[in-house]
């Protein structure tokens, strides 16, 4: 099997699974399809001769972040998406968050188109710089050290924010007298 | 402390209460109280100086049917502080067997009173949770009464196997799904 | 088709069969060791000294009826044990278990005793281990049983907490060996210091080894960290509703995961197949001995210690183990920079 | 800021669950794994023994009451016999009293061993169970030796014992008593200083001294909370005042304290057993000499007409007990235990009520469990040592 076939296979899985993610009513299935999509993506990375990135993709996204997603979905015990809207109304005509979603989708499309056309102009990345772990490490801590540190700080801020948001006042246990 | 002495100190703590001390074979101080006086006496027994019966060891009833008054409630109390025991008894008529609860004074009485209600049908006024304790909730009759037959064939309904059809089961599961949605 | 390729295929099949039988051996060893610890007989009826007991168990499990709760999610319920078992087998693929050998001249070029030699092997083990949690979590969720759900929730929380320490403990070894390939790491540990002490990373990285083993036990859901099943609390946790072969797959996965964790620990910290007295071609004997010792330790722990409590484990993971692992990594990196090991 | 909305999960723990000690059912409301409320439901083992006793002759009640609290058979039947003997106003021989003390203490050891084993197993230390049952086997062997029955010997009789002690009794008991202290050290090695065990039990299932008294808790649970009440010391029976022993007390009222109290109690029981064993002569009176109550020895039944008639009367008619009521408390393995017995002067009891320490312990479960985790529920149920046969009767 040539690498072209593999590329189309993984690509099809990635796109198909991603589309199915938003088509699912059951959030658990959505999460699983997203994982499948990540798996296909990491297959694509391997085809690009970047096994390190592929494995990291699995460890970080599929192995850690999606487990958290699944945890939350299970904890909320929401087997089906709540459908508040009337099914007969066309999605684009519905109010509130849906319109916002449509706007976001349009923005994403435009960005994607822009990025693809731009990418073709610059001609992609230099060869061989992504395959070796040492090379990745070196470029992260030399050429891109500022970006790396900024990202770290950003994640730290997000983490602190999450802790603050999720913190709850300690629940007072009910005493047996007052129930 | 023997029963006459106890009666005297109780009488001081609850003036106007009708109390009588009774002979007992097992050397337990035993007193009879009336239904009306019970809450005041219970409080005095727990808090009174020289009494301090903080520990309700046992609460049960005896059915003396066909004698009237039919029921006798028995409270066995222990003072862990002064190391003494007392037995307080309350006579209840069979026609209207009810008495004030003491579960606010001794929390231990909660289940014990439920058990007495369950098995003897004695009502405890003001009980926080007046349900059956040992028998199934839909049981009829009070098994430890003397007029309750020893051998009966009564099928507790809660233990009957649930007979549902396939469709009913599916509908129920679906309903549950909808409810959880 | 070259002899080399055939050898490779045979090797792969061999590893697969060996893993299957290692689970059987583990079941027998677990029951026998537990029995000895508890001063009783253990299995003794089936076969000599009860050695065929695992076989009897397998046959029994195969002929059991496969039950599925009516309200369960059929697809995921069937999928979950497969994920567990597949992940367990896949993780071992990149673990080397012996030096390169030509099988006494049968092969023209030396064959590495490893199913797939990937240069990021250690990360692959780690990635697959992190995927194996899905089997447990999905089993818990799809059973539509509250105890199973609690087991699944515990599993996911536990995995996330312990993967970090696990990864950091691995990283400190990677820094020392300066490679991501398990074979390189093992070969880095060949030889001895002063002619006596083997050059195992265990002696330079005792803290790393402890962290790795603790996190490894938590990752494989073994006592005293077996919260997802915790039969005294959650009945049987995530596999409460499973029966027959689907249950057997979880069982199999648990034992194979133990073997994998032990094998990786041997490669990382105990010098893999390097050892005195034996020629290099028989290195796998040393490997087996070391893995066996760690597995015995696993069983010993299980039958001696009470179970930890779930929140205590989480607190321990985040507040004790993770800082220790992080400090250890920093110290290792500093040491490597300064001494240039 | 508004709370994140989380759903409370209702979990049915029992009546079929590996660690609810039989058929106790707890309806738990959980927030994550934190217990918000617990509603114990009992009655699944309700066999109506109290009603049944009213149809039985006095001596027929003994095997019945032994089956209530199936881990302390000897204590049950002894407490019942003491109450009936009080009604009959008979004084039993000194030797019988001492034998009863010995048997009751052996029963306490037996019960505590089962408790320790199951408690250890529920916390995941499975080997402790095996070790404890190994020693319990020896105690059951003693039951088998004296009565031919291991769990429910029915060896106590109103007015004494069924028969004299068998040959070799002293040696058998002494062997067990010599063996036990070392084995207790073994259990303590596994648990007392075990970091995981301490973390699992210390501060868990705490109950205050005041609550313990108010909820009618007795025995090791109350003594772990600082209550010094022990029937053997407070209201001595069977000559307990002549024995030299301590009542172990802790003050924390948590699971760990209960464990320490029970372990210390086992050591005290061994001491009492040794003292009792020294006092018991190998042969001697084993029942009162009262033809109304005690059947004549077998050799006289076979040779004398009067003895045969007496034997026949006791086993067909039973004996009558004067009208009245009696309650003699004893210290069973689970605390104050006793039978409130009412007689109407006939050969059958009018009412027998067992004071069930386990029932009240179940009731207090709520105070101990709420606010803890689901794993603590298991630890607490184990630590209060409920016997469902005693709860439901």
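Just so it is clear, A, B, C and D label the chains in written order, and each chain counts residues from 1 on its own.
Everything below uses one rule, namely that a residue touches a chain if its C-beta (ideal position, glycine included) is under 8 Å from a C-beta of that chain, and two chains touch if they have at least 3 such contacts.
Values in this document were obtained by computation on a predicted structure and should not be read as measured data.
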Worksheet item: Comparing C-D against B-D, which pair counts more contacting C-beta pairs?
Response: B-D
Discussion item. What's the farthest chain from subunit C if centres are computed as the mean of the Cα atoms?
Written reply: B
Worksheet entry | Averaged-CA centre spacing for the pair subunit B and subunit A, given as whole angstrom | 63
Worksheet item: Could you state the distance in Å from the CA-based centre of subunit B to that of subunit D?
Response: 24
Worksheet item: Using mean CA coordinates as chain centres, what's the subunit A-subunit D distance in Å?
Response: 61
Discussion item. What's the distance between the Cα centroids of subunit C and subunit D, rounded to whole Å?
Written reply: 46
Item to complete: Give me the residues of subunit D that touch two or more other chains.
Response: 9
Item to complete: Enumerate the residues of subunit B that touch no fewer than two other chains.
Response: 107, 177
Practice prompt. List, in ascending order, every residue of subunit A touching at least 2 other chains.
Written response: 75, 77, 176
Item to complete: Show which residues of subunit C lie in contact with subunit D when the two form their complex.
Response: 34, 37-40, 146-147, 150, 154, 223-224, 226, 230-235, 303-312
Discussion item. Applying the document's contact rule, which stretches of subunit D touch subunit C when the two form their complex?
Written reply: 9, 11-12, 17-19, 33, 120-127, 130-131, 134, 190-191, 194, 196-197, 199-200, 373-378
Practice prompt. Write out the stretch or stretches of subunit B touching subunit D in their complex.
Written response: 24-28, 54-58, 60, 62-63, 74, 76, 78, 80, 83, 85, 87, 106-108, 110-112, 115, 119, 132-136, 143-144, 148, 150
Response to the item:
Given the complex, residues on subunit C that touch subunit A span 73, 76, 118-120, 123-124, 126-127, 130-131, 133-134, 137-138, 140-141, 149, 152-153, 156-157, 159-160, 163, 167, 180
Discussion item. Under the definition above, what is the set of subunit A residues touching subunit C in their complex?
Written reply: 28, 32, 35, 51-52, 55-56, 58-59, 62-64, 67-68, 70-71, 74-75, 77, 133
